[in-house]
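Letters A, B and C mark the chains in the order given here, with residues in each chain numbered from 1 onward.
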Amino acid sequence: MSKQKIPLRVLKSLRGLLLPAVLLGLWEYTSHRDAAHAFAFAPLEQVYGALRELLAGGDLWVNLLGSLQRASTGLLTGAVAGIAIGLLMAFSRIALTLINPLYQGIRQVPLLGLTPLISLWLGNGEPSKLFIIALAAFYPMVLNTYEGLRQVDLRYREVGQAYGFGRVLLFRRVLLPAALPSLLTGLQQAVPFAWLAAIGGELIFNAGAGLGNLMMSAELGARMDVIVVCAISITLLGIGMSQLLSLASSRLLRWQHIR
Amino acid sequence: MHTGFIRQLLLACVLLLAFPSVLFAAAEPQEIRIAVVAMGAGGKQVFVGTPQLVSQDPVLKAELDKRHIKLTWVPVATSAVASEVNEDFASHNIDFAYYGDLPSVILNASGISTRLVAPGNLGSNVYLVVPPNSTAHSIQDLKGKRIALNRGRPWEVTFGKLLAANGLSFSDFKVVNLNPQAGASALAAGSVDAFFTLSDAYTLSDKGVGKIIWSTKQAPNDWKMRAELWGSQDFVSKYPDLTQLLVTADIRAVHWISQQQNRDAYLQDQARFGYPESVIRRDADNENVSWKDYWSPLYSPAIGSHYQAVVQHARSTGLIRNNVDVNNLILPQFVAAGVKDLGLGTYWN
Amino acid sequence: MSKSAVIGWHWPAITFNPRYTGWLASWISPLALLLAWVLVCRAQWFPEQILVSPQDVADSARDLWSSGDLQDALRVSLYRLALGFSLGSLLGIAAGALLAHSETARIYFSPTFNALRQVPTLALTPLFILIFGIGETLKIVIILKATFFPVAIATREGVRSIPRQYLEVGEAYCLSSWQQFRRIIFPATVPAVLTGIRIALGRSWMILVAVELLAADSGIGQIMEMGRQMLRIDQVMVGVFLTGLIGFSLDRSLRLLERWLLRWRHQG
């Protein structure tokens, strides 16, 4: 009986892949319609060929690692800065009144629109790219840190104060753990933003090692197959990072739940 | 005691930081920064052509090493060369740049002064591409249609000349400002009726998504878009000897390229940049000047009038508001001295 | 007790909906920044090409307004936003509700949904242009994509997190499906959906301007891009301010709407 169940379970779990398979089939069909469509939709066999080519030449790894490294550095910087400012805004009314309006205003300006200014003030190299990534991560981290600290249940604080906790202890034992879910939510938002900003930064600023740069040189030679490989890599890495973070946060938060 | 120590430490840090700058505020700069269009292929900066040869020039390197000066190449992305180089000049991040005619005019019109110290080659070809099934045979047939053209880039001037020669103007078309990659996509998608661009036109035609109906190969030579070695006026006037070293190295490079036996090697090398070699060859073939003359760095009145046309175009299309005196822009003395130094006085005449 | 006074914890009662004094106070830092900007320009610490003066930016704005370019650009951009955003939100709500409600839908669509969500739209602009051309369709599709996913996810979470008890109450009262929806499901999900919509609006505005920067013949992004190519940083700044202002206003309006709807909910 169990021998019959396994294929069924396997089949069931594959149901989710039905739609992607259909889409892929559609893609393949479109790419063979005519030259213009072949230009736009690189046939899947070409994409596969491009993948092998990139792997063999080591290009894919070099650029992938370059992007990852850049994204991580920027993310770290932005997250730390975001948490710091969020903390400041939560604990000081003055800081809140001063920083909040500026934050709300600047947050709405698209990062791409700031390119000329960043280019003028920071140049066109790594510092600019890192700045954009840090900025992209900064926004959600500030918001979530602030909200997380602000919403800590009054009762928890009172309990802490009843126990005679000093400032630091109150923070460590009560506020931080209570705000941790929000912090992690902020991080979960910050990671995809930072990743997209990393790729975007590579596209608009100067050359370096990165998937965005690989896409650009592919565009020069109209290598749509390489572009598709890059797009898939970017998407997969994005998904991977989000999943990793999800796992990590449920792990971390499990410690908090005493229910 | 506690604060005393900190104060001392701070003082020490300040002195430590100030000292080197005092030392080097002296005669010469520590580095010469040149902007160049580069591709990040596999994590390394790749640039080709004259800049690449200059970067490998042993004589230049020896001279600079003697003076403890580093030659730094500042890469800029192909998709936004004009803006990035201009921004770099404005923020004094670079001293020289290999880039095009229109952006340098725009830069000078905005108040930042640069000087043309070494002319580049005769120019790059520009092409008018239409979708493969289009019935248009010339620019006249495209009147009223959508044309993808990257504004602020040098070949916009060529476009202006083409229009003027046909009695047309910008307002006769719907000009869509797209960067080259977006423009290529738009043409392939049939979303624009024509695309005005550089040799990537061949790639489009090879892939069957475009048809070239006109190019500067069938036009006067000064219609081609020019790129040269520009230097910030500050640097050039303060350090003419360093500028001379750079220009002489540039002439050496150009001399090497211009020799017929090196033509193949040069064209093959260009392919490292990302464009297929066949595209580069077709772009370089069938010119009405010899390979040698194409690379002549000598100043000629044609260059001056080319820039007059650029300034005029920029003013009439509203790209710049102030006038630019072309005579101030061009400094022919460096090339003259360099050619004499290298004994190439009769090579290009 | 005395300890808290010493430590001085202040959980601000005001956050994004300040009372009047708070509202006035929120102007302090922007004005201070403006003042600093004017002073630094006067002192000429930086060349004018790097730090354009507020005066230049104002002049540029005036020129663009009087030539009609600014109004045209705004009209076009806002039209695209409105269309793409409304379509995206409606589809997103429908999709989110479907995903929350139906296990089957979840099984078949979730993997594709999650994958498509992470596709880097802006990086793939050339590909999108190839598929959709460079007309209005392109921009609307991109805004639609940017709106769809946040709204769908927010709706899905909102519907999923309706406490079981609410629905049981509805069943106990023998409410019809429609009544269940109107009285229980809808009010319970409105906050989550509205938050999702608000976030989506901010993101779509950003992405719209970005697309206009890269590939458009009109719109506020295009004005910024032309400004950059002409090295007219004052024109770029006009765009920066406008996009920030519009994004800010849109966000505020939605917050007010949220508050108004929630007030209604409390009364109900």
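Keep this in mind: contacts are C-beta pairs under 8 Å (C-beta built on N, C-alpha and C of every residue); 3 or more make two chains touch, one makes a residue touch a chain.
Model, not experiment: these values are computed from the prediction.
Participant: Counting C-beta pairs in contact, which comes out ahead: B-C or A-C?
Facilitator: Per the contact counts, A-C leads.
Participant: Taking each chain's centre as the average of its Cα atoms, which is closest to the average over all protein Cα atoms shown?
Facilitator: Checking distances from each chain centre to the full centroid gives A.
Participant: What is the distance in Å between the mean C-alpha positions of chain A and chain B?
Facilitator: The mean C-alpha positions of chain A and chain B differ by 36 Å.
Participant: Between chain A and chain C, tell me the centre distance in angstrom, where each centre is the average of that chain's C-alpha atoms.
Facilitator: Result: the chain centres lie 18 Å from each other.
Participant: CA centre of chain B versus CA centre of chain C: separation in Å?
Facilitator: Comparing mean C-alpha positions, chain C is 40 Å from chain B.
Participant: Of all residues in chain C, which are in touch with two or more distinct other chains?
Facilitator: Each of 49-50, 126-127, 130-131, 214, 228 in chain C touches at least two other chains.
Participant: Residues of chain B that touch two or more other chains: which are they?
Facilitator: Those would be 83, 87, 90-91, 181, 184-185, 188-190.
Participant: Where in chain A do residues touch two or more of the other chains?
Facilitator: Correct list: 39-40, 116, 120-121, 203, 219.
Participant: Mind pulling up the chain C residues that touch chain A in the complex?
Facilitator: Residues in contact with chain A: 1, 3-4, 7, 9-12, 15-16, 22, 25-30, 32-33, 49-50, 107-112, 114-115, 118-120, 122-124, 126-127, 130-131, 202, 205-207, 209-210, 213-214, 221, 224, 227-228, 233, 236-237, 239-240, 243-248, 251.
Participant: Please give the residue numbers of chain A that touch chain B in the complex, ascending.
Facilitator: Going by the criterion above, the answer is residues 35-36, 38-40, 57-59, 62-63, 66, 116, 119-121, 123-125, 203-210, 213, 216-222.
Participant: Using the touch definition up top, name the residues of chain B that touch chain A in the complex.
Facilitator: Within the complex, chain B touches chain A at residues 38-43, 45-46, 74-80, 83-84, 87-88, 90-91, 93, 131-132, 181, 184-185, 188-190, 200, 203-204, 207-209, 273-276.
Participant: Okay, in this complex, where on chain A does chain C touch?
Facilitator: Spelled out, the residues of chain A in touch with chain C are 12, 15-20, 23, 39-41, 91-93, 96-102, 104-117, 120-121, 150, 154, 157, 161, 164, 167, 170, 192, 196, 199-200, 203, 212, 215, 219, 224, 227-228, 230-231, 234-235, 238-239, 242.
Participant: Using the touch rule from the top, collect the residues of chain B that touch chain C in their complex.
Facilitator: On the chain B side, the touching residues are 82-83, 86-87, 90-91, 106-107, 110-112, 148, 151-152, 174-179, 181-182, 184-186, 188-192, 319-320.
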